[in-house]
Amino acid sequence: MSKNVLTLSNVTMQFGGVVAVNNLSLEVNEGEIVSLIGPNGAGKTTVFNVITGVYEATNGSIELNGQTLLSNYPKGKMKKLYAGENKGLYTKTVVKTPDQITKLGVARTFQNIRLFKSQTVFENVLVARHLRRTSNLFTATFKLNYKEEAKMRSETLELLRIVGLEDVKDEAATSLPYGKQRRLEIARALATEPDLLLLDEPAAGMNPQETDDLTAFIHDIRDKFKLTILLIEHHMNLVMDISDRIYAIDFGKLIASGTPDEIQANQKVIDAYLGVTEDE
Amino acid sequence: MLEKSKKKINLTVSTILIILLLFGLYLMELFLSPSNMIFIVLQKGVIYALVAVSMNLLNGFTGLFSLGQAGFMLIGAYTYAIFTIPNEARTAVYQYFGGGLIKFNLPVTISIILAGVMAAVFAFLIGLPVLRLKSDYLAIATLGFAEIIRAIFQWNALGPITNGSNLLRKFPSLDSTGFSKWIQKITCDIFGKTGNVTGATIYAFIASGICIAIIVLLINSTYGRAFKAIRDDEIAAEAMGINLAKHKQIAFCISSFFAGISGALLAMYQTTIQASAFKSAMTYEILLVVVIGGIGSITGSCISSFLFIAASEWWLRFLDAEKYVGGVKVPFLRSGFRKVVFSIIIMAIVLFYRQGIMGTRELTPAGVWNWFKKTFIKSAPKKSKEA
Amino acid sequence: MSNILEIKNLVVSYGGIEAVKGISIDVPEGEIVTLIGANGAGKSTTLKTIAGIVKPKTASIIYKGHEILGKSPDAIVSSGITLVPEGRRVFANLTVKENLRVGAYLRKDSLDKDFEFVFELFPRLKEREWQLAGTLSGGEQQMLAVGRALMSRPNLIMMDEPSLGLAPLVVKSIFDIIKTINSQGITVLLVEQNANMALQVANTAYVLETGTVSMTGIGRELLSDERIKEAYLGKTRK
Amino acid sequence: MNWITQNLPYIFAGISVGGQYALIAIGYTMVYGILRLINFAHGDIFMVAGVIMVYASATMPMYVSIPLVILTTVVIGVMIEKVAYKPLRSAPRMSIMISAIGVSYLLQNLALYITGGLSQRYPTIPAISKTVTFLGTTTKVVTLVTPVLTILLVTMLVLLIKYTKIGIAMRAVSKDFETSQLMGIRINSVISMTFLIGSFLAAVGSFLYFTNYTGVTPTAGAMPGLKAFVAAVFGGIGSIPGAVVGAFIIGICENIIKGVGWTTFSDAFTFALLIIILVFKPTGLFGEKSTDKV
């Protein structure tokens, strides 16, 4: 058994009175591709936002490579409002900010592509190298870091070559076709040198051909960059093709987990996905 | 390779242009009367260019809508003035405060830098609470801070330092710096007399120019890219490992540093300063300069500064003078009309020309050359078609 | 039966990207028509274009024999088309009753009968008449959104993902309501991700895929179509 | 008790100024609520009302000039929206805020041109300029009238927003443009209505405010405008009761500070209060929380 990269334990995210993620535990092991599926509004993106520190989970803990990214328990207003489980289980508070979490090796893409609009393809990726800099404000301004700067640029170029965006590197990021924008977002995430890559609906809006390309691409980068991947997706072809394991959630709760075959045969998943049947 | 040669062209041409510019300024100083309107436009214009660029760094490149520029200029202007008023003049300046508390002075250059540092220190302290605020709230909080700073500097209890609500004067102006004296001396050596040469304009250009150059270098560095990322999408920037609080604070402090320096230069230009002049209207004016030039364009801010000053101080002056053509009074022309026309022009730009002069583009020698080439090459086949 | 609504060659682009690439749809009067398809297929955009809040690149939208393309949203509402937006979008700062009142904004006649009709359809809303809409549960908000749309006395009601984020039991009751509304003679154009439910109630179904219609058919027939199953659960591939 | 009697004039003045700020603040808070725009020109509309009053009363009797001032101010307010803000509806928020600053600049310069930059003597409005003695303190009638009138107008406004069709539409639009459109609401007429009400109240406020001063200058609107805006933020922008409460708090505090003898800081205090509030309660006293969607 390979080692754990990401571990979520009893994670609950509650907004006001709404429990978006309910007592979710999951594991992702080194080198795996794991999918998170579930109907719209099931809380999948919220899980991503909790892992990356955009939201501070109400209860539970998250670990990356044995290091605690988050540990929290209901406090303040939530003390009374809390409607999740395992209330007393956690006593420590550790909250890492999104930028710290990225530095520790988690990168992500977004459901609605969030590229840096005013910048070129090249600049979009280059800026993601900023967090691995050794220069400071002074050396960077007065170009005393020219060696590092040159290295950043050549690495960026190399990355763009690998993902097949070298020929459009000077174009405005948002002028690219949809599929390439997705690819660019992944390249940008890769530039932060992650161990764990989170992909939020990478195939949204793609036709079958593009989806197939993407499937191959994800496999490819997993091997090349020695990544562990957690992804959210609605295109079941892609999910079933690519995943080592799948977690299915609905209403923020885990309803099933297992291999693609197991998930496809799971009645709960079928109900949640195709919808409740008339004669239920 | 192409990239590199383009950079080289830009660098060489820019250097040549700068030398030509400084030489041109020198010739102007030599041949034109120091009271010529052009010098007012050039001096004030270049100082405004610096403060506009510093504001652009924040509003245009980092996406932080801050309206505190006048406050930081005030801090800079006062810091400069307080430390450079000659000791023998202090009794006269601080006549109501027993000659003031500070009994020493610092060299001009050091005082100017100190002006920036003081503004940056204030910015750091202000930034701690307010930089977490979003767009409009940040704007109004920084505007508020500028007003508070203005009140503090006018406070009588601080009179021994700030001279309360009275004028500060007698500090070295643009034409009495060591540099200016040096230029005057050289002129004297060459031509046997100083003539018109004061060195004031050249000094303003060099000081502002160095500052703007540093800002440009910063924007083109990895930090500058991080600022732009924050402007474009805070959430994505944070997900790329950029520490928002830290980078916003850096941009805020640096912007204020240069606003402080421009305040010092403005003090030198005006020869007297008073806290009550640094109102929010001043910040609005600078913001309009930035918008007219193009939010996110350094060269745009510079160009629009000169246009703004030239239009408001010079070109539209005639609108303020009553005029008779053939014995009939031209309608509307009288004191104040200039400003009305001017604000209508500004509104028209804001409404119909939203990108400003430059948009987010920059004017570079290579760019101009390319544009030149393009229009030339494009027009060539057209001509053959016509023929 | 005549078509109450005919869309021909609808093309919509957002910032250079074509979200809808030439869709043609007929909605026969008195029927339930559903558009199904994955996220980003262009379903919502189509509905918004009909409602007049998205301007298409090209299209022809004929409603009751008249071109309505280019008309303002209020003109479209007063001609009898209404849209229940995705995510419910009730006015959280208004009470239930006020929400319903806004639904009838363009009407100048008495609303008493309509309130009665809506409250009969959704007794839960009657109980919560004076409550702020923001305090309702998801299902209740969906009911309110539907009720609000009915207040304009539409001939054609369009619904965008009415089952989104609702518990299975609530979803079922929402679909029952859709059938009831339809039985009152109101034509329904339904956009759904919950393909199973949608296909069961629909007379006609259009399957949208990345901005084009990939399949058309009778609702229940599509339900047993292998390609549909594949698209939704990735069944056949391995 | 002694302290109170001594400071009574300041408290009265504070309540009165607070009421005047409140009338301006409502214009800010309503526009912000609907357009998410800090209408920087609102303070200048208030000033314009003052300038118009100066000229109107010079040639016309009071009973004509007062309605005329209100009418012109309202027309100007609504026109500004149509010309300077409406074309920018889909533009980034910064653009329309800059447009507002541009309008403010234009109005000030227009006023400067028309008045020649000299302070124009504000007319005496007989009904409210008289002095009276109240609780042992001598003060102008306006000081007593302002809070009453303010409360009256605010109550009417709240009722309008609560119970009329246009009021419900305003609340709906402020929450959600798109869905409001789906209900058949014409966004533009609702926005015009908002500017109409805001300008009307600013005009009323100008009568009360300038009566306390000798004259109107082109920049006379800037400070009260900024203060009123602060009041709106303080109370939680978008909330009308919030703006009113905020305005009274600021008016009273400011005058007490003047009473204590710290006049230099009476303006600075307002901003300090604002910043403290923003830091600890970023959406003001009665403001709603907003969350970003990722």
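A, B, C and D label the chains in the order they appear, each numbered from 1.
To be clear about the criterion, a residue touches a chain if its C-beta (ideal position, glycine included) is under 8 Å from a C-beta of that chain, and two chains touch if they have at least 3 such contacts.
Quantities reported herein were computed from a predicted structural model and do not represent experimental measurements.
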What are the mutual neighbours of chain A and chain D in this structure?
B, C
Any chance you could check whether A-C or B-D wins on number of contacting C-beta pairs?
B-D
So, in whole Å, the Cα centroid of chain B is separated from that of chain D by 33
Where chain B and chain C are represented by their mean Cα positions, the distance between them in whole Å
55
Rounded to the nearest whole Å, what is the centre-to-centre distance of chain A and chain B, using the mean of the C-alpha atoms as each centre?
44
Contacts with two or more other chains occur in chain D at residues 294
Where chain B touches two or more other chains simultaneously, the residues are 235
Taking the touch rule as given, give the residues of chain A at its contact with chain C in the complex, in rising order.
39-42, 174-175, 177-178, 201, 204-207, 234-241, 251, 261, 264, 270-271, 273-278, 280
Which part of chain D faces chain B closely enough to touch in the complex?
32, 36, 38, 40, 83-84, 87-88, 91, 93-95, 97-99, 101-106, 108-110, 112-114, 116-117, 219, 222, 226, 229-230, 233, 264-265, 267-268, 270-272, 274-275, 278-279, 282, 292, 294
Quick check: in the complex, which residue numbers of chain D touch chain C?
165, 168-169, 171-172, 174-176, 178-186
Under the stated contact criterion, what part of chain A meets chain B in this complex?
52, 54, 97-100, 102-103, 107-108, 110, 114-119, 123, 126-131, 133, 135, 137, 140-143, 145, 149, 152, 188-189, 191-192
Chain D-touching residues of chain B, taken from the complex the two chains share:
59, 65, 129-130, 132-137, 139-141, 143-145, 147-148, 150-152, 154-156, 235, 279-281, 284, 287-288, 291, 295, 334-337, 339-340, 342-344, 346-347, 350-351, 354
